[in-house]
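In the two assemblies presented below, chain A is common to both, partnered first by chain B and then by chain C.
Here is the complex of A and B:
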């Protein structure tokens, strides 16, 4: 028997092995009471830095496509790109969550180890090539997310968030599995590329494609938080601990997109396909943009507002499935990098507001800019960037997605772009509402119990700087890099 | 139709009807004890269907895990809970019109699939026991999913212990 494939596979998955080993090590070390929480935190950070460094070395030198573990995962620039992105997201999340979680009576080690596990699941989600791996890793990310949402187990809202997440998640992944079972029954394979090739040679009715696509989309769309599978989003975002919410709004959402791209690429292929699946995506993304932005207008709670903003952004990202060329995938990768920067930054400001000033809604933040102008300015940068206004990075990410969609101009893409532009204008209202409340209104006194930790201020400043710097400096290299990593 | 096929048909319809009836009971009954015991019928009849389809491993797993493990736990939990038989349900039914609409759409989809799909499905006749194939597969083609599953179980274990244990006062 030939076991070389195991050896090759293990050699190329060193970051994953490091994360697995590190997770176990962190749990083991937590048994010793002498070791302080800071030490465990630094260990977890070191694991992520190490894994990120290895991935960085790989991504610079590697070009080509390899299939590892008998077709289970694809090792290419696409998966390496997402590996890098997810490790970065997890690292930033871990960094700014430390001031919050270090005071918890319990759940500190659980948070660290589950965050590491969830990162592993997201990495594998982006590189899965078979239905089995896709389902398994979707569940991996979901199950760790359920636990993380309920980490504040004496808080009713946290437990409610966890339970709602479980019920929606179980339902939608069951539906997805049902859809996948049809594809398997007809093609006899679980590898997405083999399934795609076999389907192209069969003459199946279009209604079959329609039904299976909708069924399978249920699972993916639930992770991406796209309408009509978005109902869990506001409640879970509100109830979960804020660092966890920040993580949910970036990591698992982008992982869902990465998996969806590989799935669509395998089963339907780029460009022409036996079935007009673009129609489904038009409906889904237009609905997400409309419902996300219009509902966000009425929100007062900051975390709920960010949840609806996240739904709207998922709608913009889903636009790329209308054309699905190499360029549009590249623009999605670019969008996901910028989106993570803006969203994580916005959530750091929300964490500071919540932790030090006890502010969790727009009304009570009135006049806040006079107390802590630095934070208010950073928040404004993130908000303007989320709208997509010119002096910030969010402008380019939206522009590139819209441009890549509009290329084969027809009524459908024109309609989708029109809705996207109109909803972008609508989104200006609610993002600016926060800034307006802080700068223009008079408010009460904000007392602060302790100085804002550097570990919160520094990442916030760096992310805000990055949002501006990407616009001012030559951002072309980043986009070219994203394009070269596209499938 | 041979005697063998007639017998298989009878068994199939008996199992299917039991499953349908018990799942209807699970969905409609407001008495927790009855619901739990109806669930027993659902799980048993599905195990029987797996057996009919020659999925021997799934049949055994269904009996061992669901009937033998999870369901017994559920029944124990119900029996040990005080006065659970006459608990007041606050939400007896949610907006039934939408539910009926969704169920009808799903049913139409299922009927459509059941009518159109079978002609495309390739059936592989298999005479070897399934367990051997699964065992080989777990250590070759599905090695990575199998290993990831163990990490997932670790995460589940951490979560379960964390949610269930008492708060440690320091």
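Here is the complex of A and C:
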């Protein structure tokens, strides 16, 4: 028997192996009580830096497509891009969560190791090619997320968020697998590309596609937090520890999109297909944009507001499935980079507000800009960027998605873009409400117990600078790079 | 010949759809968190039935359906253990495990 495929597979998945080994090592090292928490934290950071460095070397030299482990995992620029992005997100999250988690009585090592595990699951989500791998990795990310949401076991909010998450998550991933079993029934294969090739030669009724698509969308939409399956999102975001929320709002959501892209690319193929599955996406994305933005208007809690803003952004991202071309996938990759930069930045400001000033809603932040102008300015930059106003990077990401969607102009895409533009204007109100409360209103005096840690301030400043710099400098190379990485 | 051996695929599919519907019904209507977990298990088991049926009766299907079923069984066990741990935490904090009584988060 030939075992070469194992060797090739292991050779090409060195970052993953490093993360697996590192996670085990961190758990093992935590047994020794004399090792300080800082040491464990630095170990986990070093693991992510190492994995990121290997991926960076791979992504520069690699072109083409390799299939590893007998078709289970696809190794191409698309998966390498997401590998890089997820490692970066995990690294930034780990960095700014340290000042918060170092004071926890329990759950410190659990947080570090679960974050590493979750990163591994997200990497595999973006590169899985079969139904089995997709389901397994979706559950891998989900189960680690359930535990991370409930890490503060004696906090009522945290544990309640965890329960709500697991009920929604387990139910919707079961429904997704039920839908996949019908595709397996028709084609006799669990590899998405084989399924797509077989389906193209069959003449199946539209109702079959409709039912399976809706069933399968349940699992993906829950991970992406798109409207019919978004109910868990505000509760979990509010209840989970804030660093964990920051991670949920970027990592697993983008991983869901990556997996969805590979699934749609395999089963339905690019461009138009005999079955109008794009109709489902028009409904879903228009609903998420409307509900996300309109509900966010009434929110007072900052984390809840960010949850609804995340739902709205997922709606904008889902627009690219209307015209599923190489360009539109490239614009989604660009969007996901910019979105993670500004969302992580916004969450760092929320963490500082919560930890040092005990502020968690808009009302109590009135007049805050006079206490800490630096933080208020950074927050304004992230908020304006999330709206998509011109001097910030969010403008280009939104523009590119809209441009790529509107290419084959017809009534449906026009309608979707119109809704997207109108809801963008609506979103201005609630983002500006935060900035207005900080700068224009008079408020109480904010006392601070200790100086804001550099490990929180520095990433915030760097992310804010990046948001501006991507707009001012030549951002074209980033978009070209994203396009070259699309499927 | 017994009536149910005449149409094996159809009967098995009716069974799995029924189990799936019961599972979804349990998830939607029950208030007790442990009962909801039972509903999730029903959904996953209906998926198992489907995959095993198709693996047995579809041409060229091979054993991949059976493989999926084995993995789903393992995963259901992992999920159940995590869910039960979380439900235990809920019980310690709230004194009961009814989902409609959990109102520390808004809505």
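As a convention for this text, the second predicted complex is superposed on the first by the 487 of 487 C-alpha atoms of A that agree within 3 Å, B and C clash if a C-alpha of one lies under 4 Å from a C-alpha of the other, contacts with A are read in each partner's own complex, and residues count from 1 in each chain.
Throughout what follows, a residue touches a chain if its C-beta (ideal position, glycine included) is under 8 Å from a C-beta of that chain, and two chains touch if they have at least 3 such contacts.
For clarity, every value in this text was computed on a predicted model and none was experimentally measured.
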Contacts of A:304 with chain B and chain C, given as first, second, both or neither: second
Partner chain(s) touched by A:153 [first = chain B, second = chain C, both, neither]: both
First, second, both or neither for A:143, with chain B first and chain C second: both
Touching partner for A:211 - first (chain B), second (chain C), both, neither: first
Partner chain(s) touched by A:163 [first = chain B, second = chain C, both, neither]: second
Which of chain B and chain C A:234 touches, first, second, both or neither: second
Partner chain in contact with A:171 - chain B first, chain C second, else both or neither: second
Partner chain(s) touched by A:185 [first = chain B, second = chain C, both, neither]: both
First, second, both or neither for A:124, with chain B first and chain C second: first
On chain A, the residue positions that both chain B and chain C contact, one per complex: 132, 136, 139, 143, 146-147, 150, 153-154, 182, 185, 188
For the chain C and chain A complex, residues of the former touching the latter: 20, 23-24, 27, 33, 36-37, 39-40, 43-44, 46-47, 50-51, 54, 58-62, 64-65, 67-68, 71-72, 75, 78-79, 82-83, 86-87, 89-90, 92-94, 99, 102, 104-107
Partner chain C, residues of chain A touching it in the complex: 131-132, 135-136, 139, 143, 146-147, 150, 153-154, 156-157, 159-164, 166-167, 170-171, 174-175, 177-178, 181-182, 184-185, 188-190, 234-235, 238-239, 301, 304
Chain B residues touching chain A - in the complex, by the definition given at the top: 109, 112-113, 116-117, 120-122, 124, 140-145, 148-149, 151-152, 154-156, 158-159, 162-163, 167-168, 170
Touching residues (chain side chain A, partner chain B) in the complex: 6, 9, 20, 23-24, 27, 68-73, 105-107, 110, 113-114, 117-118, 120-121, 124, 132-133, 136-137, 139-140, 143-144, 146-147, 150-151, 153-154, 182, 185-186, 188, 202, 204-205, 207-208, 211
